[in-house]
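Each structure below appears as structure tokens.
In the two complexes below, subunit A is the common chain; its partner is subunit B in one and subunit C in the other.
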Partner chain A sequence: MSLRDRIPAALGAETLPLLGFLGVVFLAFSLATPLFLTGANLRSMAFQMPVLGLLTLAMLVPILSGGLNLAIIYQANISGLALAWVLIQFGGPDASIGAFVLGTALAVLAGAASGAAMGAVVAYVGAHPILVSLAMMIFLRGLGEFLTRGGDISGFPEFMNVLGHGSLIGVPVPMVVFILAAILWHIMLKRSRHGFSVYMVGSNIQASEYSGIPTRRTLVLIYAISGVICAVAGLVMAARFNSVRVGHGEALLLVTVLACFLGGIDPFGGFGRVLPVAIALMILQALSSGLNLIGANQHLSTAVWGLFLIAVMALRWVGMRWRDRQRKGT
Partner chain B sequence: MTTDPDTAPALRLRNVSKTFGGVKALQSVDFEVHAGEVHCLAGENGCGKSTLIKIVTGVYTPDPGGTIELFGERIASISPTKARALGIAVIWQDLALFPHMTVAENIAFDEMVGVLPRLSFGSRYKGRVRAVLDRLNVPLNLDTRLGDLPIAQRQIVAIARALLGEARLVFMDEPTASLTQSETNALLDVVRTLSAQGIAVVFVSHRLAEVIDISERVTVLRDGELVGVYPTEGMTQFRLGELMTGAQLENVVRAQDRSGARPVLEVEGLTRHDEFDNVSLTVRQGEVLGLTGLIGAGRSELAHALIGMRAPDAGEIRLEGAPVRFSSIRDAIARGVAYVSEDRLSLGLIQPQSIADNTAISVLDRILGGLGMISPSRQSELVRHWIGELAVKIGKPEDAVSTLSGGNQQRVVLAKWLATEPRLLILDSPTVGVDVGARAGIFRIVRKLADEGLAILLISDEVTEVLFNADRVLHMADGKIVGEYDPHSTGVPELEARIYA
Partner chain C sequence: MKKFPNAAAAVALAACASAASAETTMGIVVKIGGIPWFNAMEEGIKERAAELGVSAEMIGPTSADPALQVRAIEDLIAKGVDVIGVVPNDEAALEPVLKKAMDAGIKVVAHEGPGLNNVDWNFELASADGFGEAHAELLCEKTDEPGKYAVYVGSLTVPLHNAWADAGIKWIAENCADKLQPVGDRYGVAESVDDSRSTALDLIAANPDLRGFLAFGSQGPIGAGRAIEERRLAGKVHVMGPFSPGQGQKLLKNDVISGGFMWNPAEAGRVFVTMGNMLVNGDEITSGTEIEGLGVVEPDAATRNIITDNLLEINKSTVDELAAKGL
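And then the complex of A and B:
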């Protein structure tokens, strides 16, 4: 294998074109405004992206398995509520680190339990993940609205600021959390037995069962882990906004799906990698921050995201035709 | 019926060939069928039968050089639409019907589609649908949902749909494969009705008794080449089988007496309601036990019970003397049972995924490195070993398994299961969709494995396959074992006669 083959093989076919896209976007905005390529802007981008990033990781594995998790936003916020509830019980702003640890544990448990419940219904009842997660989404939203009466819960201890606004050797803490999670996701998918099973189940669940893959356990685990990363996103959101509210981040739900498809995840399951999705997230963030800086309307940036997805799909189609023609030529 | 030699045949192919990549699927084949004739197209899987049908129906374009004449007219090129307009209909095995729609809607389906939207009323077509069903002499309720009908009656619906489209030449691809004997008889009556009405029928079937019964002439293909056209009068199933398999028919009985060897699998009185009844059998170390019978006899259901995919109602399974009750296929794998499914496309392999992952899928716990993670180097070592051991012809291990030929895919399936180091290997119709040349290769592997001490249960509905590759043969019918045969003292015609009786 020559070096020219090896680099794309290691990165995946999707990565290089996406990196090219990212470069073009950076270049265009740098030329358009001097404010873009500044430390302040890059830092602000690095603070904004992780919540979307963590939620996208929660969406990614269910899609790889041929499903979808529509409940991620409310799983994140219910987990945030669990943390908030514990903190308030222990004195709100005066709550100790111990209370925070307990609250975090409860948040993760809430995320994992709601996820595992969905996974169990998908695996054992055989209901479609879209229906199951839609039901969970509506249930959690209703439950959350009921518990909070539709309002905000705030008044968290000082130290939670570190999670939302702090930096670690210059890197925003939320970004550190996302990078660690992304690395963990990459290893899980590429090297663990569970990850192997996710891809196989995503391509053909029946053949996987006949091959000895524990398909039901795999499905339960997929949604439970999705719930855990939702809880992490919920914690980061609580810290960033300094409050918990059931509706936080509602607009992000379909953006996570968009990021997965931009990153080359097969909408029918079975194929896809973490790295291209991470780059796709950076592109989305750069587009949105850049448009904001040149004074464009916020809604315009949503429109540009949509156009961008269409452009990427078209280019992928062209690329596939080109590869086919090359193959036929040889 | 009488065939007037002066009238042009409904279909005449001359010198038709089709090449896929470098593979010659069809080589200068001639074929002819007359109006009102039932003509059988016989040959083993992969002999070119379906390629031929797809050329006539315009799915494939033949290689230049051949000619196609339909109803006396030379046809330069056919598209599926044109084929339909010319009165050619195919009833595929999977029927291509709509289970959620009613019988009438299915039959009149072509009426309801078109470029422009328009209203469609039952009253407009129901009369004609009724007339077609009367012509076939089958009473069916027009408003029944198709999905509620048994498969045999869905066949009738598919035929009726073809007739409503004024078909003059009907291809039937293994129409009886999933029917019971009485359903088959009913369908054969319908075919006779069609023929009496002057429709040319090309009938494809694996069941040789049926072929001889229903048709006047049979065209035999082998490896994409024409073997010949024979009248069925005076033809025997055995002779037809020989023509289909040809010289490569390694009809050497290799059965050995393994009755002294240690039993690996013992099944006693195994019963599952409506599927199999009081089945007892023993497979010994190094023995290949053949299990044959018609489709629907309960063979695959029995295999599923042996691997824990369905629970038997009664009876006992013993593995090397110890009673076992598997609750999932994982239990079975852990105890050394491997199952090669009859359905390689949707159950045997995960077609879009790589050869490497398909090979390693059942032995993930054997390729772990540090921290319980999959070790890529161990995986590629495992894959290299088994690809080499079974001489699988592949490009790269990362290629999708779907890029391989049927024979090579089946070798990957064997590799995947042999990697689990089984004691008992259950092969369920292992040569379905594997071409003739590659079959011998598969069975050489099977023989070698048995000689190395593996116990093998070989399930197949091809009598020759079990007689020439098994040490003993059991015959299963209606869920029961009804006979045991020694390949040395049983001929193919004898066993066929028993099975198709």
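And then the complex of A and C:
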């Protein structure tokens, strides 16, 4: 095995081309504006990316299993509401760390429960995940709007500010949370029994069932864990905005799907890794911040995201043809 | 590792300093980009920036989501602008990031955000009570037969729209209760033409005695007007509300929209730049200061609000002129 084969084998075939793309984006923007490669901008990007990143991790595993979780934004916000409710009960801005821990526990529980409910319906009723998660999304949005009357809950204790805007030896705390979660996700998918089951279920659920993989339990677990990471995203959002509202982050839902596909996750399930998705997230963030810095129209930056996805798909196809030809040649 | 942030901060400071010495730069983040109201505001911003010789840009997110506004403001802080202007979608969600901006020494000017704390000034071209009452009075005047009326707001979380609605509903309850009764709660649909239209169709179907709409929110009167046009109820059901004259010109002339008041978004854009420039130059804004576009102001130093009444009536005689201005 030559080095050229070994690196892609260790990191995933998608990683190197995406890193190259990231490099090109960075180079282009640093040539376009001197403001791009500054500490201030890199920090700002590192503060912005984690919420999208955590939500993308929540989307990633359901897609790997051949499904989709459309409810992530509202799961995150419902979890945030659970936390906010506990904090308000304990005095809002004066709430103690204990109340925060309790609220966090309740938030994670809310995320996990809504996820597990979806997983159970997908696994035992056999409904399509798109339908189930769409229903859950509508339910949670309605519930949240009803509980808050569409308004927001704000006024959280000062220490929560650290979670949203603090830094740990120069690295933004939300980024630390995201990096830890991404590493955990990588280990879960590549080293754990559950991760193996996820790939198998995503590749061929019937074959997995006949091979003795507990497919139903796996599906329930997939959506429950997706709900847990949604709750974490909800906590970070609550800390960043110092408020919770059902509609926060609505615009990010489809961007998470975009990030997964850019990162080479197979839309039909079964194949994909965490690292390329993390790089895809960095590319999206760099595009968005870079276009903002040069003062481009926001709608243009959405258009560029779309173009970029098309370009990546085209390049992927070219790459596959090229690899096929090489293989035939030898 | 520890050295890196310091070095990064030094680079950032150098970048800020060089930007500041060159030219005053401003970034104004609005609710959503690509709709006529904020297109007009952008024109005002560009025009005034050219007059004052400063550099100003408007950022309009692709959807009215506060999360996108937070991202845009963070990018502006990173860019090291001198002034950040904002028309908030959700006041509470923006407080932490605006605090970050102010801590970085950036001047913050808001519009339509009277409850914001982390701002230098928030300015309004219409007082909440005056604006709501003006519409309510007009609706009462136009209505002949007793019946019901519906209230639209941009979203249930936009405090200003709700304050107008409160003032309008209160005025009708006090002065016009014999003619008009509210139907249901207010509807948070008025930033979307389609939602306003379909809600209006439902309301018309459910309430045969519906007499009018108080539609607060830029797309509300247009959507409700289209519904009335489809049902051929022009002249029977009246629509009042602030709208973009160019967009509603035809509907107004066909008597589908009865009229409304507005303030000029282009003027608001100009005021953003004027005030930003004053703040950067260190001009004090106190009682009696004259600000171009606002007139002589009475700022409220405790709440950081500058509230003025610069209402423009939109009716058949003024609409053409307003529309010609590109609104």
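Heads up, the rule we're going with is that the second predicted complex is superposed on the first by the 330 of 330 C-alpha atoms of A that agree within 3 Å, B and C clash if a C-alpha of one lies under 4 Å from a C-alpha of the other, contacts with A are read in each partner's own complex, and residues count from 1 in each chain.
Keep in mind that, in the parts below, a contact is a pair of C-beta atoms (placed from the backbone, for glycine too) under 8 Å apart; a residue touches a chain by one contact, two chains touch by 3 or more.
The shown structure was predicted, so the numbers you read here are calculated from the model rather than taken from an experiment.
Once subunit A is used to superpose the two complexes, subunit B occupies space next to subunit C without a clash. Rounded in steps of 10, the angle subunit B-subunit A-subunit C defined by Cα centres in the superposition reads 130°.
By the touch criterion stated above, A:Phe241 is placed in contact with subunit C alone, subunit B being left untouched.
Of the two partner chains placed by superposition, A:Gly306 touches none, neither subunit B nor subunit C. In the superposition on chain A, A:Gly319 makes contact with neither subunit B nor subunit C. In the superposition on chain A, contact of A:Gly91 is made with neither subunit B nor subunit C. More residues of subunit A are in touch with C than with the other of subunit B and subunit C.
Of the two partner chains, subunit C is the only one that A:His165 touches; subunit B does not reach it. When the shared chain is aligned, subunit C comes close enough to touch A:Ser288, but subunit B does not. Contacts of A:Ser203 after superposition: subunit B is touched, whereas subunit C is not reached. Superposition on chain A leaves subunit B and subunit C with their closest Cα atoms 31 Å from each other.
Shared contact residues of subunit A, touching subunit B in one structure and subunit C in the other, are absent.
By the touch rule above, subunit A contacts subunit B in their complex via residues 187, 191-193, 196, 199-200, 203-204, 206-214, 270-271. The residues of subunit A lying in touch with subunit C in their complex are 34-35, 38-45, 47-48, 51, 149-152, 154, 161, 164-165, 167, 169-170, 237, 240-243, 245, 247-252, 288-289, 292-293, 295, 297-299, 302. Listed in rising order, the residues of subunit B touching subunit A in the complex are 309, 328-330, 333, 339, 341, 346-353, 357, 361-362, 364-365, 368, 372-374, 376, 416, 420. If you check the complex, the residues on subunit C that touch subunit A are 1-2, 4-5, 7-9, 11-12, 15-16, 19, 33-34, 57, 59-63, 65-68, 70-72, 74-80, 90, 92-97, 100, 155-157, 188.
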